[in-house]
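Pasting a structure below so you can have a look.
Per-chain numbering from 1; labels A, B, C, D and E assigned in written order.
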Amino acid sequence: MSKCRIPLGPFHPLLEEAEFFDIKVEGEKVVDIEMETGWMHRGHEKISETRSYTQSIFLVERICGICSTSHPFAAAHAMEDIDNVEIPERAKYIRIFIGEMERIHSHLLWLGLAGHFIGYDTLWMWTWKYREPVLQIFEKVSGNRNHYAMFRVGGVSRDFDNALIPEIHPVLDMLEKKMLMLAGAVKDDPVLRSRLKGVGVLTKDDAINYCANGPTARASGVDIDVRRDDGLEYDLVNFDVIVLPNGDVYDKMVVRVLEIIESVKIIRQCLDAFPKVGGEYLNKVKHISPGEGIGRYEAPRGEVFHYIRSDGSNRPLRHKVRAPSFSNIPTYKASCVGIPLADALITLAAVDPCYCCTERSIRVVDKNNKKLEHNILTMSREKTANLKKVVAGSEKTPIDRIFED
Amino acid sequence: MLKYLFYLLVFPGFLFASVFGLIVGWIERKVSARVQFRVGPPFFQNFYDVFKLWGKEIILIKNTPYFIFVIAPIIAFASVIMTSTIVGMSFFYHVGIGGDLIFIIYLMVIYSVCLILGASSTGNVYSSIGAGREMKMLISDELAFVLVILVPIIQAGYKIDLTQILAYQNANGMIIGSASGIIAFIVGILCLQAKMGLVPFDIAEAETEIVEGPLMEYSGPLLAFWKLAHYMMYVFLPMLLVILFWGGMSFASFGSIMAGIGKYLLIVVVMILIRNTNPRVRIDTAINFFWKWASPLALIAVILAIIGV
Amino acid sequence: MAFYNKIIKKSIWVFHVSASPCNNCDIEILDLITPGYDIERFGIKLVGSVRHADVLLVTGVVSYKVAPRIKQLYEQAAKPIFVIGIGTCTAGGATFKTSYNAAGMPLEKIIPVNAYVTGCPPKPEAMIDGVLKLLGTLK
Amino acid sequence: MKRLFVDIPKLLKEESLECIDCEYLYHEGANRGVFSIVEIAEFGAYCRQCKESFCIEACPKDALEHDENNMIVRHNMRCVGCKSCILACPFGTIFPEVINYISQNCDFCLNQLENDPNYVPLCVKTAPNETLTMVDIDEDDPENNIYLVGSRMAVKTHHWRNKVGKNK
Amino acid sequence: MSDKGTEFFEKFQDKMTKVIKKPRRNYFNVKNEDLWEISDYLFNTMGCRLSICTATEVYDGLEVLYHFSDDTTGIYYNPRVKTGLKNPEINSITPLIEGANWIEREMYDLFGIKFKGHPELKKLLTINNPHFTEDDHPMRFNRNRTKEK
């Protein structure tokens, strides 16, 4: 059968790693994957240089909304690393709480979308139903469902309301029960098993050589977890690092399910600690002295890395951001070649759960606008024209120039 | 003549099948929503959808055979109307045309072929992959489907008319009462799932893999044709199973009418539940499944039927 | 015409275009179809092909690289089509205003827009409200 | 030793400081190191260094503090640029344009001066009417109202403690 | 610092300059020629993982900081390599560490640093972007902004 190119993407939403997969298939078999990135490139590193540290934290939060707390977490670590800023114990617990709640929400999100990718919409709906209470807790704790804006250099920006603890416990109980059930179901469901077991294997050697991290590496038997290795806040709580040996999609899924259960345990410890640990939650830093700092955090998808170089002013000279997927995405080359197309998609999804497969575009140009609904169309055009005049003025933007011919 | 025109266009043909199909489509969406802890769409949702599509623009693609692109959904739609008329006639009026089972099998194939043709005419990668998959599905499920249909034919004494199969069942009890009947019925439901492109066999239309596969490039009224045809299949395919295995519907009493409707709805709900509790399988798994398991099973049923069990 | 407008209000198929967003608006859009919000109640459905869409939900600051694609997508959609910009990003660029790769601030520079739903990210309720309000303007 | 010399009275006569460029590499375009120079200069020389400072009282973010020499320092990680301190100061010491949320930074072109002692920074090149110059100065010169501030700067201003200099 | 770390610093003592040792972070300058050897030691002998590299533009050139993470102790080893402003060139370590492939491409894209020996050095992030030409490196400072009197 002849070779055929399948453009996958480019609408994959990521920071610098938004990609366009050009999958070459022979019949249904993947023979090569080319990745083209840069669709979502927004130049955070450059923008950050024009922002103060406090603003930078909110800026990096908007690198990505799925694990939106991990970037602020790492950025705050990096800034604190320059001067070895002490943060109050209560702030540490609040940070852990937010981080772990987010891990739950993020893993559930991935699980649901993974279900969606393999056409199991019921699994999607169910997991997202369990995810909803988590977001509601976030709304109660931080005021927003997704971008929590909780992090500051030297602590957190809001206190945790101890009165919420009785509301959170039932959610945790529910989650734990459902996750145990789900873990059992995943193990027993023959269709799911046959669909995921042995698919898209990433060997341990490949994982190390590609510098993979996070669940992707842990499912391949590489025992790394920044929370344990880097210590800092996480020295206060006990948890296990889940490591599985096989490196296939199934193991990646199981790692995530088990991590949710671990997260529930960690959050319980935080909730127990909150009434006991009172006091300040923000150490108001005066200055950040010249120097350089490295901060990292174990995001749901792996190690988030931030490097900040400071000159003593209140904005960074250089702010380097490395999201986990940047290291994990290239592992496709090792795990996808030679497997069927349908498997390739779930493998892509398993490595990098930012949902890469929901959108894509096609390259067909056509102009046969039979204006069936003339008035609505003209209405919208007129309105746009007016708005354009008001908002943009009449000067030509670079983008207009692109489209001129 | 006028009578047949009425059959074709009003009941149980075009008008009935489309209206009822849209309603069954609503049931499908509603039950799925319920399984997924959602509320689901309002009753008239599918009607709105189809009417809206009628008002949209049709986009034709440069440098492609427009003719095939346009004609494919219309032929498919026509073949679906024919099928539903034939099935409906024997379901409601107990009248048939000679050899209608053969006719039905061919009409079903025409539908799939139109889908493949329409999709390939667009030249879009996703659509062509969808077409390729549809072709593979057709190859894999067709044998099983024919074998399944063979069972009642054999049991009824090698009769290929639906009315005669019904008459046989009225006289000797339902075919599902026999061992071969049960096996064939189960395989039959799976075949329906594949024919209708429902999960786990919605490989050709896998939304997350190849967008909407064959239907990707269709828009406006042409898409409405496909959607309507799809929903109409919800009407006559389960009906066909009811006729073949469950003795159809008799209008003798209110109870028997309700029983007929009940049988029909039961099959629909089973299909919806299967759809909602399974992930999509891979194309090779599906082919394997149909060739290694479903078809041999159906063959066993046929053999059993020949022996007379 | 009036009849048609009435129908289209009841059956809205949306296609989700994510044009260099931060993902958050996108997951909130997906949240809409899950049990918590379930917009299928209002006849709103997410579709996979732009040809089937009635409404494009665009998220994110459109980068120079996706801008031509977005324009293409808009052309490929069967008319009538409405465009809703979701999130502050589409309306004004939010924190990415100074980015060297952001072309679409506001989104109207690239394709005609009928409505914006701002917020970072907007609450799902706000999105539903935005879609319904836009359709409410149809006579 | 060469120091950056700021003539504050002259500088204040200028309509704006916008035209003074800074070649500080990292915050390209958005940096005006001269603001931070003026800030240091004004706190060092202009300010009365009140015991119970109104500016400190007024600051909602605790960003202003006395350091060990009783000089006012502004902590740039705390300041939110609300400019309450400007309103509060009874002596009009603090200039509104220099207190910004995003701090502007001057490193006295240390990097270049290391390589070339006779280096002329860009701010000096672009400053109008020689408001900024490089001069060789090693100690205070109260006669001419010139005072050293920090290790690399000198300013010319009316020093409130200074009874010697004439009002020019 | 762990034994491995002390051993490492003793072994390469004379190849490093400007060593900054903090409890968990070590920064040191190395020469372009020694980069391969040091990376090899860090990656293969000490089992470190290459987290990422940071390129920075400074007054007199460009520097690349390689972040090697020792995951058993949480310590970072950061060799820094300097190169000039014109025709910046550094030896590639992609043949050694497959994971450095994208990292080096990214630095080439944003800063224009050429990596000698990289298998396919093309742009990563602004590739095929109509707004950027092949020579645009968006993270570089625009140094022609003198507006003298």
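FYI, a residue touches a chain if its C-beta (ideal position, glycine included) is under 8 Å from a C-beta of that chain, and two chains touch if they have at least 3 such contacts.
The shown structure was predicted, so the numbers you read here are calculated from the model rather than taken from an experiment.
Looking at chain A and chain C, the chains that touch each of them are B, E. Ranked by how far their CA centres sit from the centre of chain B, the chains are topped by D.
With centres computed from CA atoms alone, A is the chain lying nearest the middle of all the protein shown. Chain B and chain C have CA centres that are 35 Å apart. Rounded to whole angstrom, the centroid-to-centroid distance between chain A and chain E, based on C-alpha atoms, equals 25 Å.
Chain B and chain E, compared by their mean Cα positions, are separated by 61 Å. Note on chain placement: the centre of chain A and the centre of chain D lie 44 Å apart, centres being C-alpha means. Touching of two or more other chains is recorded for residues 36-38, 55-59, 207-208, 211, 216-217, 220 of chain B. Shown for chain E are the residues that touch two or more other chains, namely 126, 128-131, 138. Residues of chain C found to touch two or more other chains are 4, 34-35, 63-65, 68, 76, 79-80, 100-101, 103.
Chain pairs that touch one another: A-B, A-C, A-D, A-E, B-C, C-E, D-E.
Interface residues of chain C facing chain A in the complex, by the touch rule stated above, are 1, 4-5, 16-28, 30-31, 34-36, 50, 59-61, 63-69, 71-73, 75-76, 79-80, 82-83, 94-96, 98-104, 106, 108-110, 112-114, 120-121, 123, 138. If you check the complex, the residues on chain C that touch chain E are 63-65, 68, 100-101, 103. The touching residues of chain E, counted against chain C in their complex, run 126, 128-132, 138. Of all residues in chain A, only 4-7, 28, 115-123, 125-126, 129, 191-192, 194-195, 340-343, 345, 357-358, 360, 362, 364-366, 368-373 touch chain B in the complex they form. Of all residues in chain E, only 24-25, 27, 49-52, 54, 56, 65, 67, 69, 71-74, 76, 78, 97-103, 106, 110, 123-131, 138-139 touch chain A in the complex they form.
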